[in-house]
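Chain IDs A, B, C, D, E and F follow the sequence of writing; residue 1 opens each chain.
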Amino acid sequence: MGKRIITLGEVMMRLSTPGYQRFLQTDSYQVVYGGAEANVAVSLAQWDQHTAHVTVFPKNDIGKAASQYLRQMGVSIDHVFQADGRMGLYFLENGSMQRSSKIIYDRFDSAFANFDSSAVNWDAIFEGADWFHWTGITPALSDNAAKMTLKALQVANDKGLTVSGDINYRRNLWQYGKQPLDVMPELINYTHVIVAGLADFENCMAISSEDYNTACTQAKKDYPNIKYITTTERGAVSASHNHLSAVLWSAEKSSKDLLFSKSYEMTHIVDRVGGGDAYIAGLIYGLLYMEPQEALDFALAASVLKHSIAGDANLVTVDEVEALVKGENIGKLLR
Amino acid sequence: MGKRIITLGEVMMRLSTPGYQRFLQTDSYQVVYGGAEANVAVSLAQWDQHTAHVTVFPKNDIGKAASQYLRQMGVSIDHVFQADGRMGLYFLENGSMQRSSKIIYDRFDSAFANFDSSAVNWDAIFEGADWFHWTGITPALSDNAAKMTLKALQVANDKGLTVSGDINYRRNLWQYGKQPLDVMPELINYTHVIVAGLADFENCMAISSEDYNTACTQAKKDYPNIKYITTTERGAVSASHNHLSAVLWSAEKSSKDLLFSKSYEMTHIVDRVGGGDAYIAGLIYGLLYMEPQEALDFALAASVLKHSIAGDANLVTVDEVEALVKGENIGKLLR
Amino acid sequence: MGKRIITLGEVMMRLSTPGYQRFLQTDSYQVVYGGAEANVAVSLAQWDQHTAHVTVFPKNDIGKAASQYLRQMGVSIDHVFQADGRMGLYFLENGSMQRSSKIIYDRFDSAFANFDSSAVNWDAIFEGADWFHWTGITPALSDNAAKMTLKALQVANDKGLTVSGDINYRRNLWQYGKQPLDVMPELINYTHVIVAGLADFENCMAISSEDYNTACTQAKKDYPNIKYITTTERGAVSASHNHLSAVLWSAEKSSKDLLFSKSYEMTHIVDRVGGGDAYIAGLIYGLLYMEPQEALDFALAASVLKHSIAGDANLVTVDEVEALVKGENIGKLLR
Amino acid sequence: MGKRIITLGEVMMRLSTPGYQRFLQTDSYQVVYGGAEANVAVSLAQWDQHTAHVTVFPKNDIGKAASQYLRQMGVSIDHVFQADGRMGLYFLENGSMQRSSKIIYDRFDSAFANFDSSAVNWDAIFEGADWFHWTGITPALSDNAAKMTLKALQVANDKGLTVSGDINYRRNLWQYGKQPLDVMPELINYTHVIVAGLADFENCMAISSEDYNTACTQAKKDYPNIKYITTTERGAVSASHNHLSAVLWSAEKSSKDLLFSKSYEMTHIVDRVGGGDAYIAGLIYGLLYMEPQEALDFALAASVLKHSIAGDANLVTVDEVEALVKGENIGKLLR
Amino acid sequence: MGKRIITLGEVMMRLSTPGYQRFLQTDSYQVVYGGAEANVAVSLAQWDQHTAHVTVFPKNDIGKAASQYLRQMGVSIDHVFQADGRMGLYFLENGSMQRSSKIIYDRFDSAFANFDSSAVNWDAIFEGADWFHWTGITPALSDNAAKMTLKALQVANDKGLTVSGDINYRRNLWQYGKQPLDVMPELINYTHVIVAGLADFENCMAISSEDYNTACTQAKKDYPNIKYITTTERGAVSASHNHLSAVLWSAEKSSKDLLFSKSYEMTHIVDRVGGGDAYIAGLIYGLLYMEPQEALDFALAASVLKHSIAGDANLVTVDEVEALVKGENIGKLLR
Amino acid sequence: MGKRIITLGEVMMRLSTPGYQRFLQTDSYQVVYGGAEANVAVSLAQWDQHTAHVTVFPKNDIGKAASQYLRQMGVSIDHVFQADGRMGLYFLENGSMQRSSKIIYDRFDSAFANFDSSAVNWDAIFEGADWFHWTGITPALSDNAAKMTLKALQVANDKGLTVSGDINYRRNLWQYGKQPLDVMPELINYTHVIVAGLADFENCMAISSEDYNTACTQAKKDYPNIKYITTTERGAVSASHNHLSAVLWSAEKSSKDLLFSKSYEMTHIVDRVGGGDAYIAGLIYGLLYMEPQEALDFALAASVLKHSIAGDANLVTVDEVEALVKGENIGKLLR
């Protein structure tokens, strides 16, 4: 029971200040490991899916600790490579009220970014797998990483996997000489489920529109393999209080049939990092096992719960997500 | 100054995850001690009442630490018994927003549950005492514990104490072969102040009604010793935000004279465990020293303050509770 | 770049309970250093102003640690004196919801309060300085401290510095035999920017009015050096949720031209101590570099951000304050 | 690369006081998971052996957390069963100098002890496996557990695995009605590598001798499957300072050829729990890959290193153990 | 069972840096409460003696927390007085190796030192008591405190209690105008068991001798009520490693019959504060229940164990002390 | 009072595991900042010398926090440069007994290593300075850093400063294409006080000798500016227990007149990182204010004390070092 799902991407050591301390105040950092794609794998592993994460760790105890973390969370490390080099890091300062959360990245020149993947046996990795998930962060890191993504996508398509891609455009990355539009369209072409907001459409797909439905319709024309396009909509009252909704466009539906979620108030956010990854994990699970509207509702509820959990990963059960979808147990003391 | 109040019940070691960590994340637990009845004793001791808690602890350093806790909080341990066996435990995970708090109990087969109380000298324990408080948790634990409760109630009535009982029906307990209706009615018959919601009426008193007043009126017929019946009403926006009100039925009043409290918003809950026990302690204090409406208001305000305090016990002063009743000092920085 | 700003006042060791623990629960205290005037200096130092704090520390490692703190935060300790005696302390318990925060002071007989400042060379201290800030706490501590304040004010005026004073009347201080009205008027007379609420007007300036504008107009008559008078208005929903606004009266404007800020909701307060000091620092910065309305807006936004930061000091940048004034970045995750 | 090694036994949650705090002082406990057999599996997994631990966890988040721990450490949880019931616990107080370390067990009636293993498919578990390790703790817990051990041993022998058993006699266990001599001899008969001190010989094998060699010789007569017998010798200067040596008796050698290790001084012990398990893991590794004397030296060095590591498990590499055997790197700062 | 023992003295809040941090490094302090006399009471309470401590706490939550601590440890607070004023404090930095531990006192002008004890009913306090213990710290603090000590001693003698006094001369105290020789001799005259080293003899009893026996003999002449004189001898290899022995002089013995203890090596000291108080508690217990040599041995073993325990108080059992006297269990893991 | 001392070098963020946790166990890291040269500056600042550290920090809050640290410790940051790029890091695992401490560096491509120093005004930096200290780590990092070192040395010599250099050869550095012997001799030629062991002589000065005196004599011939050469000798019983001595060769003395220190036992090491830097700081202080033998003794005692202090920096006073030289206060509790 459970599908085989492969994810690819860098995993960073996350160093976060305790409580609401600023970087300028802390004398300790809490450590977890996270990355946009690995976070998806961890979520899905909590839901008894067979996930394996493809990544590269440095050959030292820091890399070993990161591997142990994935294994602890139920993600297979059979396809984790070791290489000389460093671990990508990010530092996180948790905001409150009108003070925003801040991230300082220190991820360039990592063992992952510098990895020569030419010897990777993607056929073996994808053997028996049902789904492959990638994000736009990987091809933004380095030419090596972009090439690895492309090769993985080609093999995944050859072997008939469903492919999801989170476009996730970040201007601060893309420093190795190529522009998103040089790289992303080819990758998107191999992808069936796209996570993209309007800025992603513009920067990575050269589609400019103020209307999500229009953008999706155009995307389907340009990238005929697309089956679903989705995005979340976050409104921020403050760093502590957001509201969140989501929309799912299906290629099988007419343009009037965009699916909408309800909107949740998140009034005492514990940790918003990984909220989007939790949504994607929920959507993958949903599209594997549910109807589209159910999938959308499951995905959004999963993401909402993530905001109550410290760390990058969404450590909730299917039952907990489904109870939230149904509005059950909210605020109860479960004994 | 101060009345003599006796409470009876198991005290558990509470192991709670730090901050908002899930059970799956923690590598440490914070430890306090608590139990529905001991929590009442601790509250009342904060208010300079002479409380003594009757319980059983294992003969080891864990039991000694629990005894020390009660003594620290001002509760007499003169009637704490020691026996072979284990300490009951419970694990607590503190929820946030849409993620509920969770408790995992590990309390079966405890030194308390297995204790043979036949040699307990209840006459000595109740000598000079004014009030006795028990809850429906104790008779649910074991036949031994049910017998101890009954014996205590008989002597307390013989010696003229006022008796309060928190029905507190929990389906997961009651695993020793008896059903609540086999045991509870006899115990309730010895009780003057009853804490019960509609589910408690149904499961422990065989009174089914959708209307609180009707249920209370029926209870008075079935259990003529009853003087007061009360319950709190909790509404949950989320794990972080509840509202709370309470109602008090008095046997001396006509059915139209149910007393109602105001409703409080609790918007940043620190710890809701023990909120009900804080209410009961407030009510006992109130009924000892105030008019019923004042008692109700005092009890609810005490419970509201408890939600701002970590741990099972309500460490507030009478002045703090009374200030909240009057709406004073709210949000001030007291220097 | 940056003005030279001198502040004078006691710095205390602040011992606060972790999280929301009550004094009765804690077995550790977190330590920072703070004082109404030093907090202003630290804020201004974060904004690249050249601040120096004049104070007295005991000749021991506790005093040395406090000095190090000021230096760390960018405040010059060139005018920190050392003397025998003790460090003033205060203990802080952080409230939540309906439970108020509490401070227990232990500051009497400190090295600062007992310091004989007759040998202090104020001319040297104020050489090249632009601004001097004092508060009504200092003259309330001891006759020595009141004399030091007066001497500093006289020299500051002689040397043409702009002087700000936070009246900050606290009844619990003033235990050395003099009353505020014996001391404060003379000090206020040397002051150009006054921070005062209606109670401060009454207790320290003998001006009784229910109307802020009227009070300010009278103050200008009594103390002709005044250029600006300001105060913040705090409304408290609970210890966790306040709203805050401010008003600025300018001597150059007609009585109808009181400047008003917007009002901010602060819904998840991390630490409200030092909120007023952050406001004053913002106002000093604003009056040095901006128009009055801008200064007011900057000051209030600075104060709002302070409530999201643990400790006495407001560790934010000018950019962060200005973004809040403009309503930018609120609730965003800054990468 | 790496052998397949199966271990069987209860895993407990270990709750230890921080630093050198006594049970009476602590308000938090640090949590790890451990058990004599699982500790062996974790050690071997650090050395790239394919280990799988057979155990039973309660069906709740505590059991899930324990499973995650095993997985994190590289031990397969494919043969972890879930059952209703509780997790065994133990509380640990770390001694210092003349004050001994203390353990309070709370492990009776656990999900493991009560597990009915009749449906366990031992053939599947042992398929492809090279080694099986058990200890005398398991048959001491319950009749169920003793039966599970026997069945496992029978199948392991049928399938030709090498079997090691740590006799580990503890008087406080064995409370289910049977005596060690009722149970252990049959189990020992299926075992090839025995870890036993003189008290173990007497209590579990009915062999009384003051001389280790004599006892071993007799054991070989009584239990002809035995190939190796071993024990460590611990001398205690204080809780902080022990010395440790070991001896290995081989059935292939004459009685004069007992192998002896050197003796190590352990002068600043961090955590001695699991020291014996680390020795056994080292011996299993050694007997799989080395000559007997090398195996003995490797095992003892592994155990010595364990005493420098907090927790039950020995998180060291083969390289680190071998360096200690050679006396390399001691006290160096490895960069 | 158990004697009634009264102790008198100030209790301070102890603020210690975590681990081996220096004052200059810490951002938190760990809190316990201690005082030379209260530490004795706590030790004796651990051994089931009925102890009551006479002291004065400020009327605030800090004082209440200190009271709770005494009560937790089993010491009666029936004779704890409340007064305006401050709590005495001391800051502790734990040394290591060649770096010494350091204490910074902040205890002047405390509620205790300023307390007017004229209304204290010593007859009631000593009713039914067997033993009274005081130290030379109390009369060194203030004239009020010296008078309270004298009055207590007079009534204790009148009522026939055995009195012990720890001379404990500290030059830094005695700042209120009187010299030790003005005050101490009268107090010593009421005392039967004296704890004094050669410096104490000289400074507080005007007895100068290099020989302990000679000094004791002279003391007996000058203070004929003396029955026992004792002191410990500490040798310091480093802050981490001391050795400790003790000597007991008895008035009933000839000068050749000084009793000597063995000497203990303490090689990994956890906390040496309170080591002397633990010795005195042991001696009181010993003299109440044992022969002099046994008492001496018990006292020294108690003190040695204290050095393994964090905080001022010696939280060990009689069984643990007796095991050390016998040399049992040293370095064992007690299960 | 106090000399002006300039140091140059990279400062890293140090992330160390708490207590004795291994990298594989930790979920938090403690943060301090350190570097071989900055550690020297911090030590000297504790001793009231006017130190300024020349370094480069990234333009972000991590760099700002590091700057604040230097300022807190009394080191001037007037010559700290800001540049794009990353902060060098190192991870530290504290060993115990036979388990060695481990460092994982992550310092390549830092803002410091990549800094183009051509615009640095060394004349201004060295204006009024007395001493310049560099180490062999800086020229090992990058060509940029080597050039910066050379330029600094040339100007320092031009302006008549005394120059000390810690050769500190580390094979793992030197990855930018040059070899030590390509770079170091020119730098050493500008240096008067050399810290070098025999391996440093060989690798960086091409002097091979087994005898320290011979090596020094040869060095003086090759590098005629040398006045002093020194090294410490560390013997390691275990990670917890080292012994340390030092030797000082003076160019003014005959070859028979090598100065030797005593040897110290360090039996409970808290943190050995920075021990060598503490020695150098001590030597600089000593050579500025003392005779050579005194300087050597002071330097070694300073280094010994460092081993008792957590973090890279030696936070001790001159009085504390001098007391250790004299053998005073060892193991005392300083009140």
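Following the convention adopted for this analysis, a residue touches a chain if its C-beta (ideal position, glycine included) is under 8 Å from a C-beta of that chain, and two chains touch if they have at least 3 such contacts.
The shown structure was predicted, so the numbers you read here are calculated from the model rather than taken from an experiment.
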Next on the checklist: Hop distance check: chain C to chain D, minimum number of steps through touching chains?
Outcome noted: 2
Checklist entry - Which listed pair, A-D, D-E or C-F, reproduces B-C with over half its contact pairs identical? => result D-E
Item to check | Which of C-E and B-E has more C-beta contact pairs | outcome: C-E
Checklist entry - How many Å are there between the centre of chain A and the centre of chain C, using C-alpha atoms for each centre? => result 46
Item to check | Touching two or more other chains - residue numbers and ranges from chain A | outcome: 22, 24, 27, 68, 102, 268
Checklist entry - Can you name every chain pair that touches? => result A-B, A-C, A-D, A-F, B-C, B-D, B-E, C-E, C-F, D-E, D-F, E-F
Checklist entry - Considering the complex alone, what residue numbers of chain F touch chain E? => result 264, 266-270, 301, 304-305, 307-311, 315-316, 320, 324, 329-335
Checklist outcome for this item: Residue positions on chain C within touch of chain E in the complex are 15, 18, 22-24, 26-32, 60-62, 64-65, 68, 86-87, 89, 91, 93, 102, 104, 106, 108-109
Item to check | Complex interface listing, chain B residues touching chain A | outcome: 19-22, 24-25, 95-103, 105, 170, 172, 236-242, 268, 272-273
Item to check | Complex interface listing, chain E residues touching chain B | outcome: 68-69, 71-74
